[in-house]
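Look at the two complexes coming up: subunit A is in both, with subunit B in one and subunit C in the other.
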Partner chain A sequence: MKKSKSMMIIFLAPAVLSYLIIFLYPSVRTAFMSLFKVENITDAVSKWEYVGLQNYQGLQESSLFVQSMKNLVNIWFFGGLIVFSMALLFSVILTSGIKYKSFYRAIIYLPNVVSAVAMGTMWMQYVFSSRYGLLKGVFESLHLTTLTNIQWTSPDMIFISLLIAYCFGMIGYYMLIFMAAIENIPTSFYEAATLAGANIWQKFTKITLPLLKDVFRTNIVLWTISSVAFFIWSQVFSPLNPEPGTVTPMVYMYQMVFGNNMVVTDRNVGAGAAVGVILTLIVVAMFAITSKLLKSDEYEY
Partner chain B sequence: MRYKMNKKTAMLPGYAMLNLWILFTFFLIGWIVVASLSTTSGIFGGKILSSGFHPSNYSKALFTHNVATYFKNSMLYTFTACTGVILIAAPAAYILARYKFKFSNVMESVFVSALGIPQIMIILPLFALVTKLNIANSRLLLIILYIGINVPFTLFFLITFFKTIPKDFEEAAAIDGCSPMKTFWIVIFPLAQPAIVTVTIFNFITVWNEYFMALIFANTSELRPVAVGLYSMIQSMRYIGDWAGMFAAVVIVFLPTFLLYIFLSEKIIAGVTGGGVKG
Partner chain C sequence: MKGLKRLLIFLMVTMLALSGCASQNSDAGGSDDGAKVELVYWSMWNSTEPQAVALEAGIKEFMEKNPDVKVTINWNGREIRKTLQPALDNGQKIDIWDEDLERVTKNWKAYALNLEDYLKKTYDTTDGKRYEDAVMGSLIELARYFSEEDAAYAVPYQPFVFAFMYNKEHFEAANITETPKTWDEFLVACEKLKTAGYVPLTTDDAYIDTLLGYHLARYKGYEWVETLVQDKTNALWDDEAVLKTAENFEYLATQGYLSDTVGSNKWPAGQQDIAAGTVSMYLNGTWLVNEIMGSTGPDFKWGTFSYPTVEGGVDGQNAANYGSQAFQINKNCENPDVAFELLVYLTTGKWDTEIAKQSFGVPVSGTAEWPSQLNEAKSVFENLNQVYPWAAGIQADTDKLPIIAEAFTKLLSGQFTAKEFIEAMK
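Now for the complex of A and B:
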């Protein structure tokens, strides 16, 4: 094919330009900004005061930021455990040749296409409501007094409620990816295992899981990316002020730079940038770790 | 059949869970819809079915609580951004899929890496930039941002597709004397329609539900899209006290993507798992 240089430039330029303006320039500037004390977000670079790693040290000393990192780790670890195991369970059941597979699959994936604000509101204002809530009603009709009396939106329960609601919506997406991978595994593998007398559990652990290694790697990276961006659900579950049970690093940063309440009083845009750098480094680190630990073996089916 | 189901009992807890899950989802959405047609006192009294039929909640949500404005804004942002992102990403994806040049692989990876950059990493300089250029709080700004942040994903999705189109099409067009640029718009672009439709559905859902950028860059009520509008409504709920109206707003916000999903769920699901582009 004949190369046309002018065509290449005309076709690539808008995409490259948008990348430079919306991703590259801001990322580089945020990285620099995290090393400076910046009073106002619109301050020119000449007004920035170099402070080295002080912004990062300052974050370490902020109890709300430390709490937000703890919440992030818990969302990532426990949420990941719940989402991945449920997604795997559902994908194994749905690929076992059951009836109405596409119906089940479509309903489980559904929360992913609905606005998180709308989903969060449904959970917060209905499922967890202490006055007319779904959980309260169900437990009451089963005469489970202890469970009925749980205040799902109280400060000591809010994190668990938040996690349950968030995971409910995320399972469908990971289930789809697992399902596609399982359906790619040749049935002859399972037939051979059946002939050799393997039971369901052995087939799952000896055939399915090892062959899902690549997919696990992708899913862990995707899960990390969505965890560090955890924001809407925190906002919907604490609509007025960030609370220790729901605060995440992104909420903390938002309050510090753009917020108008008294929860985060020290207004330093540089520290906000440092939060961004930390979250980006977490994603990069997870990418590197999973690439190393779950090295892809090339299977040809 | 991957797991022999002669031992169905082993899977029984799994089936039970699956059905409970489906039931819960239906009940959740069903209750919200019924509550949105009920009254606030009916909701609090646990009598949403017997409190009468009140479609007026919807007109209250739309006009008293401004949801109509948010809805119009979201429509505008979504349609223009979805069109814009295709016009920018499709030609670039074509070049990266078809032409090998010095940095083509590097360029592809650089674009893909943007999928891992958290929005928090780019938001501060963008805010400073738009304030300096004095374009904060405008519809155009949000559209430009929505186009920009969705370019990497769209590009990534379309590159995979363009690689599957045989080169014969371009060769035939070249013999007919069609210039490469014209060939793309007249021959290749229409061929890519299935992939463009799929990626546009995803972009539609992303932009419709987008929250963070709008929260920061659409600071006035007239500019807000539905997600931020609904949130501001929830925030002021303790003063408004109109729970039925709030649930009506929830229904209005989730309806467009929900309907899209009802009609296109197979295409969307196939797109997630990479099989949707085979046309």
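Now for the complex of A and C:
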């Protein structure tokens, strides 16, 4: 087949143009916008008022934004810990040759199929309810008074409740990725290890984990992106006003851009854009760090 | 490979055909049915809400009476807060829209028509009165007040007032003959309700701060409340009124006057307790009647009273947050006269009553009959002459609000004492 330059241009053009128009232009515009005070998202550029880095300074001084960043870090770290360890555990168990594997896999993955809004509402209005909640009912029947009396949606507990509900849904997704990777590891490795007298734990730490490094890197980046974009669950847990336990940068940005739900307040799309820029930088930084720490290895199998 | 090519061609042809259809549709829109005047109404309601059902019927009747007028309705729901302005900026044809009176005036005044001339005219359904005299005057005044130029840019309808909504049967069973006017009377009522076996008061996370806002405003006025929350030094939290307020609520908590789930109530858990008849009082808007009608049924005996006064306070029961939904007309509307006639048709006479009846809401014209559930709300309305902002100003700083709401939740659930609450605010 002959290579023709004009053909290459013709075939590449739609993709490149789409990328420029749909991704690059809005990104550049957002970065630019973060230096202005803009009242409405569709305001013409002539209405923008240049404020330099004031939007970023304002974010630094906003206790709510600082709180939202803390929540983001906690969701990323503790949520990541829970989701990755559970996903890894399940994937190891399910790939160990147990019966009804696909049934269990489907069950664990199921929450991903349900819309996050429906899931969140179910958790908050039913599971965590302090009147007729599932947890309350279960603990009550077990006569565990202290656990029964936990008010899951009170200010002290709401973050933990949110995290439990969110992780519950995310485990299946990462489990699938881990499972696919584990199934790719040749069984002969494990057979050889078994012959050499290795136990399950040794096989897991010496064979499975090192060979999952690449997948870990991908998963961490994916997890970072979904944590940074944490929005729907916060909105479902605090639908009308943000609260310290559930606020995330995305929620803060939303309030800055579209205004508060209950009261008519000054909007500043510029500050929202500044949040967007910060979040983008976080994702890029995390990608660079994980790529550096978990370098692609030369293992081949 | 061949299959893929065919598929691609098929997709492209379909896309072209679809885009062709779309443009044809929009071309045809202007001269449909031979109608001379076409109005486009973007609504804040979802098509299944009772307000929407009533509005749609009213608009349909208007079109029957005026055969050369065609009104197209676009049910946006509350998403209109985000969709309207970009659409207007983009020059889309939208003649009428609606949302909260304060929101439409403050956010969208620049797109709206000044209605002062129209308000001063008489119409078929205004009984020979000028429009502004035929509807609730206080709301027209409020529309002028929000515009900051003493001119109304909106037509109010579906009024509401923010007050204590309570279960009259509980009050009767507890032998409370008169609604509380002062905080002391309120406490007596709470005690009676508790003795009669009811939980006197509850709230939800969405409205919890309104209790604090109203109480502080009764002591010092809403402007002071706004200053309190906006003051970055937090010095005002040391004011005696704050301490007294905090102690008043601490007392409610320690006496067991509040629902034991008040600390974890996620809207609408608290208001469902009201509907279920387990709790007696809930500080909310008069829209509550309609909002939980599905749980209460129409026979629930509703009562309403304005937030009580406090000892040594400056504001009386004549001050409250009240407002309404409101229509606006596009300043670029080609037929503003017809558009306003439609709004008059919907907000006076038969359809004013009908919308109120179907949505268990408050009618806007003086002559319309109120739904029986809101009989007491009527006297609250008639007594009003001072308007509070939403939550009496406690939400003036949306950055500070979550912290206030969290600490106040802990105060109400008994986790914080009055002093700890104030410490948390600084």
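Assume the second predicted complex is superposed on the first by the 273 of 301 C-alpha atoms of A that agree within 3 Å, B and C clash if a C-alpha of one lies under 4 Å from a C-alpha of the other, contacts with A are read in each partner's own complex, and residues count from 1 in each chain.
Heads up, the rule we're going with is that a contact is a pair of C-beta atoms (placed from the backbone, for glycine too) under 8 Å apart; a residue touches a chain by one contact, two chains touch by 3 or more.
Note that this is a predicted model, so its numbers are computed, not measured.
On the superposed subunit A, the positions of subunit B and subunit C overlap enough to count as a clash.
In the superposition on chain A, contact of A:Met179 is made with subunit B only, not with subunit C.
Here subunit B and subunit C are compared by how many residues of subunit A each touches, and B touches more.
When the two structures are aligned on the shared chain, A:Ile41 is found in touch with subunit B and with subunit C. Legend: residue contacts after superposition of the two complexes on their common chain; A:Phe258 is shown touching both subunit B and subunit C. Contacts of A:Ala196 after superposition on the shared chain: neither subunit B nor subunit C is touched. Once the two complexes are laid over each other on the shared chain, residue contacts for A:Leu12 go to subunit B alone; subunit C is not touched. Touch criterion met: A:Gln151 reaches subunit C, while subunit B stays clear of it. Look at A:Leu240: by the touch rule set out above, it reaches both subunit B and subunit C.
After superposing the two complexes on chain A, the stretch of subunit C that clashes with subunit B is 77-85, out of 77-85, 95-103, 167-175 or 203-211. Comparing the two interfaces of subunit A, the one with subunit B and the one with subunit C have residues 41-43, 125, 131, 239-240, 258 in common.
For subunit B in complex with subunit A, the touching residues are 1-5, 7, 10-11, 14-15, 17-18, 21-22, 25-29, 31-32, 35, 43-46, 87-89, 91-92, 94-96, 98-99, 101, 107, 110-111, 114-129, 131-132, 145, 147-149, 151-152, 155, 167, 170-171, 174, 179-181, 184, 205, 208-209, 211-212, 215-216, 226-228, 230-231, 234-235, 237, 243, 246-247, 250, 253-254, 257-258, 260-261, 265-266, 268-269, 272-275. The touching residues of subunit C, counted against subunit A in their complex, run 81-82, 85-86, 89-90, 100, 102-103, 106-107, 205-206, 209, 261, 263-267, 269, 273, 389-391, 395-396, 398-403, 405-406, 409-410, 413, 415. Residue ranges of subunit A in contact with subunit C, taken from their complex: 40-44, 62-65, 67, 124-125, 128-131, 151-157, 237-245, 247, 255, 258-260, 262-265.
Considering their complex, residues 1-4, 7-8, 10-12, 14-16, 18-19, 21-23, 25-27, 29-30, 33, 41-43, 89-90, 92-98, 102, 104-111, 113-119, 121-122, 125-127, 131-132, 134, 137, 173, 176-177, 179-180, 182, 185, 187, 190, 194, 199-200, 203-204, 208, 221, 225, 228-229, 231-232, 235-236, 239-240, 249-250, 253-254, 257-258, 269, 272-273, 275-277, 279-280, 283-284, 287 of subunit A touch subunit B.
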